[in-house]
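Listed after this line are the structures, all set down as structure tokens.
In what comes next, chain A is part of two complexes: it sits with chain B in the first one and with chain C in the second one.
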Partner chain A sequence: MIPAPADPPAPLAETPGCEAPHDDRPRRPHARATMTLDDQHLVAQAQDGDRAAFEELVRRHADRLHAVVLRIAGSNHEAEEVTQEAFLRAWRGLHGFKGDAQFFTWLYRIGVNEARRRAQRAPAPGVVTSLEEHPFEPRDPGPGPAGAAEHHDLRLALEGAVRALDPEYRTPLVLRDIEGLSTADAAEIMGLNQAAFKSRLHRARLAVRSAVDGYLPEDDT
Partner chain B sequence: MSDYLEGELGGRRQRRITRHAEACPDCGPMLRGLMRIRIVLGSFGRPRTQATVVPLVLERIREDEASTSAGPTQDSRS
Partner chain C sequence: MRAMFRHPVRFLLDHRYTRAHASEYIDGELGAHGHHRVDEHTGICPRCARLVESLRRTVEGLMGLRTQPAGGVAEDVIRRLRDEE
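Take a look at the complex of A and B:
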């Protein structure tokens, strides 16, 4: 039987720098709206030269941005550099931020574009093993003992399949399916219209599906 | 298929594709596999061994500010 399509992964948490990785409670759009209002207030203060307000924005967004760019750039060293650079450019360019976009999409766009640029010039995917050196902690404990091994194998295979994608296809998958951003936010971060973003995302999903075909239950293949 | 996975088709079209996929030997496994993958991707989470990068970022900004003795500039990027 075909189940109803799953809810998308949890969206960006209210305070990304403070979230609990295992917190898989459903998060709804109103939480994002609350965060955005607070961000706007902090941005306004920071634009007036209040560095403490900007530092609060760093505390809210730095670790989540780092996790995103780590998945795109592949190397933890690169990801740290990209995260620092993104915030530095945001701080320097804050007066140019007109508020047309949400702060986090503007910030992520800076960081993600830099991560994509670095990933394009990086060694071939699969050679970089930083994600294995820094294994990611699952947000949920998995399907229980019976399916745990199968889930683990599929997860490892997916990690490799995502890493092997070209950064232009890896990025939409990271933003939408791993980070759980909305299609609109993820497309804006990548500088694509939604149709183009969806097309790229779908091709990425088909590519990883093909790559992990042998790890899927028989009913799914 | 992409819009179906996102649940964006609306009730009737969504149900119609569900019915088709349940009977179709090609579409059914494809959709089930994509759904399963999406669920697993959503469970990936954050680096286990990774310390917070907040201090690094704050230090970088403070260093930059100390070297320039200025707050946000008029550099436009939005």
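Take a look at the complex of A and C:
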């Protein structure tokens, strides 16, 4: 396990303004769709006391936030608690949200910080995510049953390697690689500058790569 | 490998640079100069070429771990918010 780093996350009040991602890697719909002008509109309405507007924000973001904190906190029970707590705190603290960050990064930061805190306190053994319940279809299962089996083995190895990481290293991997957020958004959620975030992400990837090296497909170039 | 013997200091510096910045390279987050530097080095250093390629495959595998949200979480949160009022 990689040791916990010395730099603790910055407090929520220090959330910096939003910066546009500057990488060319294709982003998933999640990363593009989570912040829209509609979010800003709903936040403004909710700040005026419109609870229905806030409930719409909950409907937009709750499931995905739950998926993120599930991988960090390590159990369904913890993830449900953290998700609910994040929205409660967001609702109570909404007047303090100045709009200089995107709503979802502000919200995720509350949830991710709480999930990291719990994961550090009591590392959870066992299954991190319910892959059997809602698996994505592999993009390229490979030729025939042997290819599918290899893909399955790699997936299990990756899951195990991610789970074995210290939460401070697991979190950037979850946000950037699994959830597909931009470096700018993921760094902001973790309260790190981009250089520190990239450094931590690189170390996490190297650790996972070492753990799954034997499962990676052969270079066919 | 001849480049390693012809320009050993440069080779070593590029080697370290590539190993430190391999993630940014595969994410497309290195500037043009850095990208070119890694490109050139991996062309003459099999170890770094393997590192970059295996890291790329690792990240591709990680991207495939994303799962569909379980669903129903939002309604539980909304119920809790209403209970707290």
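Keep in mind that, in the parts below, the second predicted complex is superposed on the first by the 159 of 221 C-alpha atoms of A that agree within 3 Å, B and C clash if a C-alpha of one lies under 4 Å from a C-alpha of the other, contacts with A are read in each partner's own complex, and residues count from 1 in each chain.
As a working rule, a residue touches a chain if its C-beta (ideal position, glycine included) is under 8 Å from a C-beta of that chain, and two chains touch if they have at least 3 such contacts.
Because the structure is a prediction, the values reported are computed rather than measured.
Residue contacts after overlaying the shared chain place A:Trp106 against chain B, while chain C stays out of touching range.
Touching more residues of chain A than its counterpart among chain B and chain C is B. When both complexes are overlaid on chain A, the residue A:Asp177 reaches chain B and chain C alike. Legend: residue contacts after superposition of the two complexes on their common chain; A:Gly191 is shown touching neither chain B nor chain C.
In the superposed pair of complexes, A:Arg155 makes contact with chain B and with chain C alike.
Once chain A of one complex is fitted onto chain A of the other, the partner contacts of A:Gly93 are limited to chain B, with no touch recorded for chain C.
By the document's definition of touching, both partners, chain B and chain C, reach A:His66. Of the two partner chains, chain B and chain C are each touched by A:Leu216. Contacts of chain A with chain B, set against its contacts with chain C after fitting on chain A, overlap at residues 22, 51, 54-55, 58-59, 62-64, 66-67, 80, 83-84, 87-88, 91, 134-136, 138-139, 154-155, 158-159, 162, 173, 177-178, 180, 183, 198, 201-202, 205-206, 208-209, 212-213, 216-217, 219, 221. The residues of chain A lying in touch with chain B in their complex are 1-10, 17, 21-22, 46-47, 49, 51, 54-55, 58-59, 62-64, 66-67, 70, 76, 80, 83-84, 87-101, 106, 110, 134-140, 142, 151, 154-155, 158-159, 162, 173, 177-178, 180, 183, 198-199, 201-202, 205-206, 208-209, 212-213, 216-217, 219-221. Across the complex, chain C meets chain A through its residues 20, 22-24, 27-29, 50, 53-55, 57-59, 61-74, 76-78, 80-81, 84-85.
Contact residues of chain B toward chain A in the complex are 1-7, 14, 18, 21-22, 28-50, 52-54, 56-58, 60-61, 64-65, 71-78.
On the chain A side of its complex with chain C, the touching residues are 22-25, 28, 51, 54-55, 58-59, 62-67, 80, 83-84, 87-88, 91, 129-131, 133-136, 138-139, 154-155, 158-159, 162, 173, 177-180, 183, 198, 201-202, 205-206, 208-209, 212-213, 216-217, 219, 221.
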